[in-house]
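Paired with chain B in one complex and with chain C in the other, chain A is shared by the two complexes that follow.
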Partner chain A sequence: MEQFAPVKRSKDGQPIRYLVVDDSVFARKNLARIIETFGGQLAGEAGDGLTAITEYERTHPDIVLMDITMPQMEGIEAAEKIVQKHPEARIVMVSSVGYQENIVAALQRGARHFVQKPVKPEVLYEVIKYVLGEEATAASAAGAGA
Partner chain B sequence: MSQFSDERGAELREFFFETAQELLQSLNDEALKLEKQPGDVETVRSIRRIVHTLKGDAAACGFRELSETAHELEDALAQESTAGNTSLAEIVFKAADVFAAMLAAYRHKSKLPATATLRKMVKELVMAPAAKKANGKKSQKAAPKANHAKGGTHKASGTEAKAAREAKTSSAKAHWTEYEEASVRNAAATGHHVFHIDAIVDPNCAMPIAARQLVLNGLGAIGNVLAVRPEANTASAKRLEILLASQKAAEQVGAKTQIPTVISSVRVEVVAEPTAPAEADVSIDEVAAANQAPETDSIRMPAEEPAGKHHGLAATENILRVDAERIDNVLNLVGELIIGKSMLQQALNEFARHYPKEGMRGRFVDAMAFQARVLNDLQRSVMKIRMVPVEQLFRRFPRMVRDVAKQCGRDVELVMTGQDTDLDKTLLDAITEPLTHLVRNAVGHGIERSEDRVRQGKPAQGTVHLKAYHQGNQVVVEVTDNGRGIDAQKVRARALEKGLITGEQAARLSEADIQALVFRPGFSTADEITEVSGRGVGLDVVQSVLQRLKGTVEIESRAGQGTTFRLKLPLTLAIIKALLFRVESRLYAIPLNTVAEIARANESEVHRVDHNEVLQLRNQVLPLLRLGRPSAKTEGHSKIFVLVITMADRKLGLIVDALEGEEELVIKALDDQAVATDLVSGASILGDGRVVLILNLAAVVERFAKLRPSEAGSISFGLLLSNADRTQLSTAGGAQA
Partner chain C sequence: MKMELIQPFINAADAVLAQGLKGPTAIGYLSMEEEAYRRKGMASMVLVTGDIEGRIIFDLDPKTATRVASGFAGMELPESDDLVREAVCELANQVIGNAISALNDQGFRFRVHPPVLHSADQGAKSSVDTEALVICFETDSGTVHMNIALRYNCETEHGNGKTTAAQAS
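And now, the complex of A and B:
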């Protein structure tokens, strides 16, 4: 897997911390691997919406990668709940094309961006940089991949 | 060619015709402005925008010829040299006329009018050398300003149309509805730039709808999204067009739209510049945030999206287009409710009579009073829906006055006041023709030629004043000119000649009466347009329309000083306050506002003058009109009721048998088959189910005037008697007492 210029928090130079929410263990693994190539750090994981909320409270990550279809509580609802309490939360929805409407709903409820499954690292990288905006800096400009 | 073939297509086309009319109206308005200020760059731009919209709309409806003609004009307008062309206003007027004719042809599917003359004019406009500029300096001065406002990298003013054309070659620009256009103006008026954002969705992004939402989220943070195309969730929207009102610069707007992975390219164009300074220190973000606060005077439902970022402007959001028929339905129901109310009232009265001691009565009365109040409010609210400002009618006059003045070689200024006076839409539509007629007359016949005016010591430019205002329960629309006025002597002579009045009458009639003669049918003939008779053309039509509307038309004129025509209209046609009375034991009503007073008198006080019954009322002699036959009781001692009514400055007494009280009546129209007389204008149902006929006072008074010579002496003639009554009366010789 290709390497990307590591993205760091601009205020303290620390790695970006991610909360990965997906009911599929494989999907979480896959995302965690991609995050690593961005120089990121896995702050927590959750397999359903409810856990996602508690994990958010516990870890206060910089980025949440949120699946849509999950048991107990769906991604949209979890995203909404998190944003209500933490307007600064940066949530990126991760879903397949068939769930476009759900993504629109999530975006209307405060999600910041979306990526399509299967996740392409270079797309996610761009999205992460965009969502973090000035909160983060990439170590070198030459890493935009693809 | 037409893109719509189904029912919806027809509906859309209808909507197009409606909006196109408004566009043409604005086109005329702007052309008038241009005529006053030749070379005004802003006006030319505004004209170009209008033509552009018309072009796009027409193309969308498949009206190719209109679209192409408009396109040519738009192109010509884009040229810098055009603005200074002195004949530009003339061409725009011509264009407005040709477009109107084309629209009419499309609408009625008839043959399209020739556009060759217009096209030739437009072509000459393009060819015209820059030397023809009327105001070169001015346009030069204005150009850099426009450039500055556009912001560096983005399209400058002169090339805006070019950009539009470029866009057109790839794919046509979206068409904004009139409300969206209005919101653009609105935003500009509150100090915002309005941007047209054209964003192409990244071909790798498989979720364009989500992309659309993301863009809207982003833009919502820096401004107000006024409109978006595609509107709804269209599966294959590869291109987004957005109108955004913002105080940010075009570059920032572009950057905000350029969202990685979803948007591949963005183009931002300025479509409107702030026409007013921004509200002090309030950034758009704050405005958006404060949207739920009442002071932004937007009545907005709590945002469906908690993100609350996708709004249009309040002013446009809250306008509904509703079929007039639906409102009429509601008004009808309100009418029924009012009937219901009087039924209840009636029942309650009876109940009170039967059980005067019953304690429940008070509660009934309270509930009734409450209901009556609410009903009153409801009625007023519903009527308000039907009300439109007379501005809608007035705005067509500037162009018309200009044309007529030009035709007749007059110099006329049109002054309009009270445009915001509200009037029932039905009434407004109905007075369009009469009012047009009066204004045309005032310009063409009322105002003298400039040299004549100067000779009389008047300002060379004549003035026609259109005025609307409320007066009690009525709306008054006045057309006043400061022209030559109506010469009573000439009218008198003419009326004599036409046999409208007898010599005896001619001597007796007051000046006002004489002037009123111009409303008589046949007063003038079309082939003899003289100073006086010219004004009489069609005035009888004006009067008959006003009578149909239960209104009146008055004339006030001073020779050499001018003439005022005053149209008085009821606020609404549907519900009136009326006075109920009895004649020959039948129930009748007249509008309460026509009743000046109610007098009681003895039969013995009624005198006869010229075979007419009159009554000395205080220091006035009141002509009387007997609606029924004289009281059968011993003559001289019975008391009579006299309703003193005022009609167009005339006073008249109606003798009635008994008064029944006043009531709100919901007027039900009567068709001609049901009532074969023009004396009755409608009917209504009372709470107890009785039917009451509403008298058409204008016709009653008219009948009275005509009646005089022929019916002289037969005072027993009752106006409201049926034929059967009358026959009986004449055979019995009035001796049945």
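And now, the complex of A and C:
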């Protein structure tokens, strides 16, 4: 898999920590693999919105990658609840259901961005850098793909 | 079923399979299925409710499922691995999500339910207004069967008035 210039936290040079939320184990593993190519670290995983809220409290990740269609609590509602308590939370919705209404709803309720599945690593990489802004730096690396 | 309903699913399946398997796909054959659905291998079903309702099943023989899952995962997976079943569900989720997104932008309103493994050997028989269309996608990893049975929902505002068109194949 293509390797990207590692994205690190500006304040301490540590890898970006991700919370991956998706009801599909396969999708979570796939995202974890992509995150690795960005030089990131998996802080936690959740299979539904309710667990995502608990895991956010436990791990305080730099980025949340959140699916929308999930059992128990859907991703948009979970994102809203996290952002209500942690306005600084950076949540990127990652879903195959990418129609305009859904995207607008997610953004209005606190998500910072939206990436449609199937995930193209190069697209997610640019979105992560954009969402983190000055909070992160992408070090140049030999063989970097972006 | 009208082609306006089916085409987004064909386009989405073609795009998702091509990206995930990093190779070309071709439509092998299309057929209307009048008899009860018979599972061929590892199958995942997604229910859709709203202006259009019904179900879509992705069905792959076990060896094809393993090759497709390995392609999507970017690593070899054993045939018995739970991840293979998960991958078939995720394939269905991605194709249907993309198709529904296209239909939603045309004004249809839906709710997509999370994919479930379809373990029964046989499904419900098609009816006049929910006839099933089977589309086979030929890939380098094998044949992927997509079985679609959808109908317009007369009880919703958008579905109402389209019932006649929906019943025409």
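In the analysis below, the second predicted complex is superposed on the first by the 136 of 146 C-alpha atoms of A that agree within 3 Å, B and C clash if a C-alpha of one lies under 4 Å from a C-alpha of the other, contacts with A are read in each partner's own complex, and residues count from 1 in each chain.
Criterion: contacts are C-beta pairs under 8 Å (C-beta built on N, C-alpha and C of every residue); 3 or more make two chains touch, one makes a residue touch a chain.
In this text the structure is predicted, and so the values were computed from the model without any measurement.
Overlaying the two complexes via chain A leaves chain B and chain C side by side, clear of any clash. For the combined arrangement built by superposing the two complexes, chain A sits at the apex of an angle of 90 degrees to chain B and chain C, based on C-alpha centres and given in steps of 10.
Touch criterion met: A:Pro118 reaches chain C, while chain B stays clear of it. With both structures placed on the common chain, the touch criterion links A:Asp23 to chain C but leaves chain B unconnected. By the touch criterion defined above, A:Gly133 lies against neither chain B nor chain C after alignment on the C-alpha atoms of chain A. Shared-chain residue A:Glu101: touches chain B and chain C both.
Looking at the shared chain after the overlay, A:Arg33 reaches chain C, while chain B stays out of its contact range.
Between chain B and chain C, the smallest C-alpha to C-alpha distance in the superposed model amounts to 5 Å.
Once the two complexes are overlaid on chain A, the chain A residues touched by chain B in the first and by chain C in the second are 97, 100-101, 116. Listing the residues of chain A that touch chain B in their complex gives 80, 83-84, 97, 100-101, 103-104, 107-110, 113-116, 123, 126-127, 129-130.
In the complex of the two chains, the chain B residues touching chain A come out as 204-207, 209-210, 212-214, 217, 233, 259-261, 304-307.
Residues 1, 23-27, 29-30, 33, 69-71, 95-102, 116-118, 120 of chain A touch chain C in their complex.
Against chain A, in their complex, chain C makes its touches with residues 16, 19-20, 69, 72-74, 82-83, 86-87, 89-90, 93-98, 100-102, 104-105, 112-114.
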